[in-house]
Every structure is written in structure tokens, then in C-alpha cells.
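Order of writing sets the chain letters: A, B, C and D. Residues in each chain are counted from 1.
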Amino acid sequence: MKLNVGLVGCGRLGRVYARDLSSRIPETRLAGVIDPDHDAAARAADEFGSRVFVSAADMLADSSIDAVVIVSPTHTHRELVLQAAAAGKPAFCEKPLALSLDDSRDMQAAVERAGAFFQMGFMRRFDPGYVSAKRQIERGTIGRPVVFKSTSRDPFPPKLEYVNPASSGGLLVDMGIHDFDLARWFMGDVASVTAAGGVLAFPEFASVGDIDNAVATLTFVDGRLGVVDLSRNGVYGYDISTELLGTEGTLRIGYLRETPVLTMTKNNVAHDTVPYFMERFERAYTAQLQDFASNVIGGKKPAVTIEDGVEALRVALAATEAQRTGQRVEVRRG
Amino acid sequence: MKLNVGLVGCGRLGRVYARDLSSRIPETRLAGVIDPDHDAAARAADEFGSRVFVSAADMLADSSIDAVVIVSPTHTHRELVLQAAAAGKPAFCEKPLALSLDDSRDMQAAVERAGAFFQMGFMRRFDPGYVSAKRQIERGTIGRPVVFKSTSRDPFPPKLEYVNPASSGGLLVDMGIHDFDLARWFMGDVASVTAAGGVLAFPEFASVGDIDNAVATLTFVDGRLGVVDLSRNGVYGYDISTELLGTEGTLRIGYLRETPVLTMTKNNVAHDTVPYFMERFERAYTAQLQDFASNVIGGKKPAVTIEDGVEALRVALAATEAQRTGQRVEVRRG
Amino acid sequence: MKLNVGLVGCGRLGRVYARDLSSRIPETRLAGVIDPDHDAAARAADEFGSRVFVSAADMLADSSIDAVVIVSPTHTHRELVLQAAAAGKPAFCEKPLALSLDDSRDMQAAVERAGAFFQMGFMRRFDPGYVSAKRQIERGTIGRPVVFKSTSRDPFPPKLEYVNPASSGGLLVDMGIHDFDLARWFMGDVASVTAAGGVLAFPEFASVGDIDNAVATLTFVDGRLGVVDLSRNGVYGYDISTELLGTEGTLRIGYLRETPVLTMTKNNVAHDTVPYFMERFERAYTAQLQDFASNVIGGKKPAVTIEDGVEALRVALAATEAQRTGQRVEVRRG
Amino acid sequence: MKLNVGLVGCGRLGRVYARDLSSRIPETRLAGVIDPDHDAAARAADEFGSRVFVSAADMLADSSIDAVVIVSPTHTHRELVLQAAAAGKPAFCEKPLALSLDDSRDMQAAVERAGAFFQMGFMRRFDPGYVSAKRQIERGTIGRPVVFKSTSRDPFPPKLEYVNPASSGGLLVDMGIHDFDLARWFMGDVASVTAAGGVLAFPEFASVGDIDNAVATLTFVDGRLGVVDLSRNGVYGYDISTELLGTEGTLRIGYLRETPVLTMTKNNVAHDTVPYFMERFERAYTAQLQDFASNVIGGKKPAVTIEDGVEALRVALAATEAQRTGQRVEVRRG
């Protein structure tokens, strides 16, 4: 039995999901797509063998749709999750859950009230490197982890309209939410955060009110430490790396070479780097949706919950405020 | 329009091809499978959504089959390629082409007579590392390549019945043929070869008449040099690496870490290695069949020809004789 | 003409300096040693061919002594530097300059008043990696550096009596001062600092009032960013690494393998790590003293000034206060 | 008590030895130097604090000289070793021992007859990487080593007069002798060798009768395998690397980065390489002479014997003949 999935959003990442749902994941079928850009929806339907719905409401009302995958812009998540919950259809939602805690709590309440299945999209939790690190920590390889360090860098700045904090949430939400989710996954809840940041590489970011570099320091509720640094000017390549320093060792997750070839010329050894997130996390994206499908089919719990979405957002918003005010911000008492 | 492919052979690699043809390659459909083990054929048909044919003859006679992919044991290749050529059906054949030059020349003659499309399977030519190296050499990055070095090592020995040179061709054919094909692809024809080898790690290999380690030195027709070393005891992991030393630099292809995580404990930094060929060449296998399909559909020439299959075999057999006799063996005059 | 150097302090690092001054640095002779532990002084004098003085005063008064190298405990630096300045003898002083800003300013005033030659010991500035990074930044290789990141980790905790902040200054002074000096060297003056830290690995540190892990975030006077993380539990090896992220690239300084051998066994690739600071910075220590000697002999300016010592201490003390109070601390206005 | 060493030869490597004997090795004093280039001798004597002798005979006759270190051109080794043996003075001799087996056997006979102390110079045996590999093999880390692989590459070709086989012995002697010595050190005696080579990068080598690239395959007396490849066009950097493949793992010795800094710019990660042998083996050279001195002083046996010098030469000459004739050459029966 295959899960018939309706896909909401046919942009760049939406098309990756369309391909995975239609071909790479044996448990799923791509049963429908929607996108406000009708051409984009038609192209995806044509290329990946699906049909186009005219609205989310139609899609959710259609009995041929078993579940929905939401990859539309963040500001649309709230309404879509509420509709899916009301329709009793299992939903998968791409990060971030929302741009405000209020919205995210409405969504959480709706999901819980409806008893609906909801899985949050944080694909790094499905990357073989992060999965291996989690397992090694559980096995005690590095003793007790005491410092969490994570770096996210884009190889080039996104378009200015994307950067706008009104739609993206700003650097610490849009980009940092992955690192803050990892922080919680590996270390538990965050007590307080400080942050510093600025427009250091792309002056035009100032015009929309965002920053291009930031450093956030986390204190977890049990006193352990975390530090996250983010940058839009990782011009050498897409660089996602995390370290867990423990009492008996350390784990470093991430890599920087895409093509398995070294070029050695006059006094120089060189290799390429990772182009962008679709190359770095190709397998993780597929594994994430496959996990969603098999959880729904098997009646299992979501691997990543809506609470995880709310809590990562809480840290990201606190970091944003800390960066803005220069003051330490309490997230949650221990 | 999709190419309807019949798959001959549902073993370990056959199943990889079944998955790729049925889902990962947009240009193909898995239209039929055969295997002397009927259960294996039925399982593959069921899992990847295809039908079972009772014989290659039936499959080739069926008008719903546009082309065949041959992944059956080497000794069956000759008959299958002859039948496909006679039926005028495009064929893809896994390496090695055959175990004897006579067989391989019969196959080449049949393909040429029939004017049939035939593509030889040497998946390393589709690996991003080897592809990048080829391009860099064409661009002149390392000047003129003068020494070719290639290493192939299995992480554990195959079963003894597989090792038997009567069916595998022996270490220098079964394993070395990939390296000899790369040698030709990067450097051109081989003039002569010397080789040394022995049973050094697995004494049981002697009972079937094969060796488990070998070193072969190649002299190309223009005097340039090559060296290939092969081992069944790469117990640390599957290790395929090639170097092209040029007058202006060198290129090194290959990698040894599978999971992007480093584990650092008391005085030690460690990482895992590549499990086996399906992990190392997963993308190359898919790209190879996709290339076959698009060549057939587009009426293009094969990327790897039957002559490439014959010539790589010629070098492998010469190396085998050189290892047996201890003498230099002429392959082809410059 | 050789510089006759008197060495003050014959402990672990003192003996390294004794060896360098007596043999590895062509420009110097080890002309005298002192240490409150008379046996230690006698052993060093015997092993490295020098004579023992009974006090710093005697040594500074002796006409056979051209200059002094101070490697004694930090609390003795003030008095020694004042005496050397009064005696008009060139002095080299190991980091940190002092434990309080008051002391350090007294020393600066004395040196300036006397017009004496004084060179501050920050050996990382003489490490080939840091030197190369500095040069590459000057050449513009990475554009404008915008984020400074630095990590220092000891492979095992020092003795508790050494850790005691009363004598060591605490983690952020004792260990962090190197990173704060690098921050200034690469990026300029620091405007403000926040810090978090705790006793996370060695509970006994609490008994002397020090912490074993810390993260400090720096904002430079021009708004650029820095982050320093320090740990006493780098149990895998001595790990000193620094990154300079620029608008056109990034530089990473440091290494983690000491012996040039890789050991690859069942599914595992491993290498050793750097034992401790004497291995990591062996060449830097020698180069630093050689630079001191050739500056004195050649009448050149010191490569690292007493002001560098004062300012690095200022940042380290601000970070210590920030960690204690949880508040951002102003260092200096832009 | 220090060993008073007379140094024969003040060329490039001679000056390294002069520095080590005069300052870095506590057990020695540089008591005299000679060189047919009197200016070179005078400069070395002046710089490293020694006196100039007019001839080896004078030096060996002088009672202030305890031992000699021979770093003069290879063709002078025979006479010098004979003289030292006759004078009863311990001698250290740089590789290769001689250019012919006849000469080397005369030397061996003279040393044995005189009962003189003689230590052969193969500095790689003192490199921390090779030392660690030896120890790990003795400990059984990789089981039984079955394949020896070694690569030596110069970053640029030597001067043509140096290359001339009449004085250098040719590529397989001059450069390969280090790898052949390692082969014997790790694996034991060699039974036979094949080799291929040519002038592939520097056409001018043909004018003096040498080649610039070669591959030699070794069969050890117990049937194990070895392969050595040599090149004068390692233009990317000085590259010395060796692998020992065993039944339970593999060891890889060597490194390619000199300065601990990575430079990451647009889509590229790069580092420098090792400039040349003096950087790569700086410590090994010092450790080698220190070992010589402490063996002489302590009345111990030489770490590397004259027989090691003879046998490495025997393999190198056999490889040279194998390359010239294209035939397998017997070295020694098992």
C-alpha cells in the first residue's frame, strides 16, 4: 500500500520533494500538487506524473489524498497546518514552522486538539553524519557532551526579497533554526542566549533590515554551553558543520569536498567544495520524507514533533532579540 | 517516451539496476526481468513492478521490450549479446565482456555485422571523480599525464566459487579490468605488461587456482607508464583510487570516508571507510544506465564501445599471462 | 656578536628556552639562569652550559648579561620587568603580562619611562600557520576578514594549584589570552565582549573557583565579530585552531596530526593527535626568541609590544567579568 | 663527554649536518671540516665554529677527531671509508654507499677486517612516520604486511650534471635506493625485480643517459610483493609516501602539507605542499646523526649497517638492469 501524498509548493525544494515522492521513495506516490504559480504546478505535475489541484482546500478534501507535504513559504504554514489538522490529514511541514511564537502555538494547539499526525521538517536529523553522531553519543563514545558548536554558511547570499526578515524571519531564524534544532536534539532545552551580529559583507542587507553574519551563545538549562555562528558569505562553498565536545572526546560532523578528486599543481593541493544544500543533504531529504511516510503508514509517532518546531523557533527568536538588544535573553528556566 | 528495458540477471547488482531502471532513471521503465533462479526473478518483478520472462529468447522476441541490460554471469554474455544483436535490440552489458579474446571477438563481430547498438558497462567512467579528472586533463590542468597508477581493493574476499578463475577470469581479469579500462581511457593503448602476484592473505585461494594480490606494470604504446595493484585484503574498507601524474601536476581520484563524521577520542582521530562498491559507485551505476538509455533514445553512439570491452580484456589477459610466466607480455605494438 | 641572555625561570617552558638560547639560536648565548628552586637552576645550568645567579638583582647588575628572558610565574612579572627597565636591560616576558590591569600599566609606564626594549611573548604570532594567514590577509586572498574564530583546548587539565585563578588569572586569562591576542593582531581593538562558561568536565575546578569551559563573543570597534571557545577537556589532543572568515574566502589555521602515518584497520582510518604545546609550537618558541635577540642586536623595534600585552589582558579580564556577571562588558569604544 | 666529529663534504646536505653536529645534537662537537671547495669549507667552519682540514688523511690522522661523517659525492665514498677503517675511526656514510657492487663489497670487507664502527645513512628510518609504522607492524596492528608500496618524487629535476648516471647511478639508484632500503627494512630480502621507465617529462635527461620516471616491481624471497615508483616531475611538491598493506589493515606514511593553514576561496579548498627533502626530513637527519654519535659513545652496534648499504644497492642495480633490458632480474634466491 502506497501513501498518496499531496505536495503544497513547487519551488526549488518542492521539486526535490516531488521527485522523491514520485520515484525515490517506494512507500509514496505523488498524488497531487499545488502552487500559486500555476505554471510551476503544471510543470511539476507533468514532469513527475501527478495532477494539479486548484487549492489546498480542494486537495485536503479529496479522498485520493492521504497526506500532505508543505513546502510553501513560511507565512502560509499556519493556515495550511490548521486546514490539514481540521481535515484529519497527516501533514509534514518544512522548517521553520512559523515566524512568530503565537502562530506556532496556534498550530500546535490545532494539531493536538485534532489528534492529527504532524511531522516537522528538520532534515539534518536524517543526515548520515548527524545520525552517526547521535548514535555514538548514546553509546558513550565521547562521554558526556558539554559544548555544542555549529556553523552554517551559505555559498552566496539569497535574493534580497528572500532575505527580508518580514518573510524569512531574519538570519537567526531562517538559517539558524537548523542549528538551534540540532542544539536541542543533542543537548536539551536552552536556558538563555546572547548574540552579536551585523552587516559585514553585503551592505544591501541593511536596506531590508537583516544581518549577514551572527554569533549566538547558548546556555542550556543544565549549564552546558553552545555556540552557533552563521554567515551568508561562505563564498568557498556550502558549509554546515557541527561539533560535540564531550568529556571523553569530540565528534565533528560535516564535510567540504563534493567531488572525489584532488588536484595537485605547483606547490598546491586543492579540491572543490559542496555547491549547496541540495547536494549536501540530498539523501537526508529523501530519508526524511520516507520516514514521514512510513510513520504514517505504520501508525508510528513522528520522528520530529510540532513541539520541536515550536521550541527551535523559541530559541531562534530569543537569539534574534539578543542580537538586536545586545542583552542576554532568557529562553526557559532550568 | 520511455525506453522499455528488459533486465537479464537479478543478483546483487541486477537488483541495483532494477531499482534504477524502475524509479531513478526518468528515461526508462523496467519492462521485464529474467533469472535462472525463478524466485529471484519473481521477487525483483514484484518489488520493482515488472514482469518475468521465461527466457532471454522470449524477452528479446517480445515487442514490448526496447532494449536489454545484461548483468548475468560472464560466461553467459557471449550468447546473450549474439542473440540481442540478431534481434536488433540495443544492449548494455556488464563487465567483463567475456573471459576469452575469442569470445569477445565473436561478440564484436556480431554487433558490428548487425549494426546493433551496444554499450559496455564500465561504471567508473561515470563517477564524478573520474569524470572531473578526465575534464581536467583535457583542460591541461596537469600538463601531459605520464604515469597512470590505480589501486583496487576489496574489503573482504568473495566466495571461493566466485573467485574460481574458470568463471571469474581470475584476479587480474575480474577485478583488474576496471583499472585496465581506466588506463586505456586516460592514456591510450597498452604495448606491454609485466605482473607479479601471489596468494598472500587467503591460503584457500590456492585451492581454486587464483591469487589474492597482484601488481601489474603497463608500458603504453608511446612509452608512458602505468601500474595497477589489486588486493582482496583491503580489510579496512572498499578502496578504489587512481592517480594521474602529469608534467604540470597530479590528479588523485577516490575517497575513503563514507559517513561525514570524525570521532576524536584519547590521542586518536578516526573515521569510517567505504563499505563496498554499491556505496562507492551508487551514482555512477545510475548515471551509466541513464546514459545508455538516452543514447539509445537519442540515436547517439555508445559512450563505451564493445571495442573498449575487447581491449580492456586483452590487457587483463596479457597481465594474467605475465603474472603466470614471470615474463613481459606484448599487448600491441605502438 | 652574540647576545648574552639571562633566563629567569627554569620550569617546563624555561628549559625549552634554555635549550633554544644555548644551542638552537645562533644569535644567543645562555649566560645565566635563576630559579627559586635552586636544584632546578643548577640542573639547567649544568645541562645547557650556563651559570647560576642567586637573584634577579644580581643577574641584572652583572655586566656579562645583555638581556633577560622572563619565564617565571605571572605574579613575579611586574617586579622583574620593573627591575629590568631600571637596569636598562632589554627584556622578553612570557604571557600573560600580569594578572591585573593596574600591574600591567605600571609595567608599561616603567618600560616607557626608561625607554627600555621590551618584547611580549605571544609565540603563536611566530607559528608558520599564523604567519602565513597574516600574509595571505595582507595580500587580500580572502577579501576583508569579518569573523574571527579561535579555539584552544588542553589535552588534560593542569594541576589544581596551577588552575587557581589567584595565580593563573582563570581560564579566560590563562588560556584565552593567546586567542585574544590573535583577535587583536588580526582584527584590531575589541569594543565589547560577552561570555558564558562553567565547570562541565572537572568538578574539582569549582573548589579553586575556576571554570573548565568557556565561550566568549567579541565585537570589534568597527562592528566585526569574533568568538573564542576554550576547554580543558580536549582529551583527544592539544587543539589550537583559528579561522578568519572573509568576504572572499576563509583561512583555517591549525592541525591535529603529529606523526605522518595513517593506520587503517577494520572499517576505520585513524591517526594520532598533537600531544601538547611544546610539540605544537616548538618552532614558534624558537623563532620568537630568535626574533627577540635579532631585534635587540639590530636595534629594531619589538615585534610584539608591551601594549599588546596590556590590551590582550584587558580583553581577557573583560571576558572574565562578562562570564561572571552574564552581562556584556565594554572594553573600549570605537 | 662529547664526540668530536670531522665532517667530509660541505655542500647542501653537508651544511645541514654541520649545523646539527655543532648545535642541535648535545652529544657531538663539530671538530673539523673538509671540502675540495676551500671557500665552502671555510664558510662552514666559520659559521658553525670549526676548523678546516686540508685533506681527509690529515683529518683522520688528527687525534682531536673521534669520528667522521661522510657527505661527499658518491664516487669518493670508497676511498674515504677505506681510509677511516684503516685509521680505526668510526664513520657515518651518506647514501648510496657506492655506485658498483664491487666497490661496496671492498668497503664492506675493509670495515669488517678492521672491526671498525660504520653506520650507513638512510635517514627515513629515523622519520617519526616510518618509526611509528615499524612499531605498529611489530605490534601486529595490520597483521602480516604482504604488499609494500613506495613513491618518491622530486618537486623539480636536479641539474643535468647531477643526474648523469656516471656520477648519480641513475634514477633507480640515486632516488630509488631509499625506497629499496625501506623495502628491505620492512619486508626482508628481495628475490627478483622488474622495472619500466623512460624519459617522459624532461627530454634533456636523454642527453646524459638517465630516465625521469620509473616503476619497479619487487618479489621478496618469501613471495610477498613490492612496487616502487619514482619521478622527477612531482611538480606539486616533494612527495615521499609509503604504504604497507597487511592482512589486517594498512599503514600509510607521509604527508603533503607543510604549513598548518588551509585557504578556502571560491569553490576551492587548498593548502601548500612540502618544499623539499630538508623540510620533510629535518628531524630525521638530526635523529640519525644523534643515533650515530650515541652508538659510538655507548659502544653499541650501528642502527643501519654496511650490509644494509650493500643490499639496497644490489636491489637498485638489479632494478636498473631490469629497466634497461625489459627482463626480470634475479636479485637473490629465497
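The working rule: a residue touches a chain if its C-beta (ideal position, glycine included) is under 8 Å from a C-beta of that chain, and two chains touch if they have at least 3 such contacts.
Everything quoted here is computed from the prediction, not taken from an experiment.
Student: Looking at chain pairs A-C and A-B, which one is connected by more C-beta pairs in contact?
Tutor: If we tally the C-beta pairs in contact for A-C and A-B, the bigger total goes to A-C.
Student: What is the chain whose Cα centre is as far as it gets from that of subunit B?
Tutor: Of all the other chains, the one whose centre lies farthest from subunit B is C.
Student: If you average the CA atoms of subunit A and of subunit B, how far apart do the two points sit, in angstrom?
Tutor: Here the centre of subunit B sits 39 Å away from the centre of subunit A.
Student: Where the centres are mean C-alpha positions, what is the separation of subunit A from subunit D, in Å?
Tutor: 57
Student: Would you pick out the residues of subunit D that each touch at least 2 other chains?
Tutor: 235-236, 248-250, 257, 264-266, 272
Student: So in the complex, which bits of subunit A are touching subunit D?
Tutor: For subunit A paired with subunit D, touching residues are 155, 235-237, 256-257, 264-273, 275.
Student: In their complex, what parts of subunit B are in touch with subunit A?
Tutor: Listed in rising order, the residues of subunit B that touch subunit A are 23-24, 26, 127-130, 132-133, 136, 141-142, 248-255, 257-266, 272.
Student: Spell out the part of subunit C that touches subunit A in their complex, as residue ranges.
Tutor: Answer in residue numbers: 146-147, 149, 153, 192, 194-198, 200-201, 213-215, 217-219, 223-227, 229, 231, 233-236, 245-250, 326-328.
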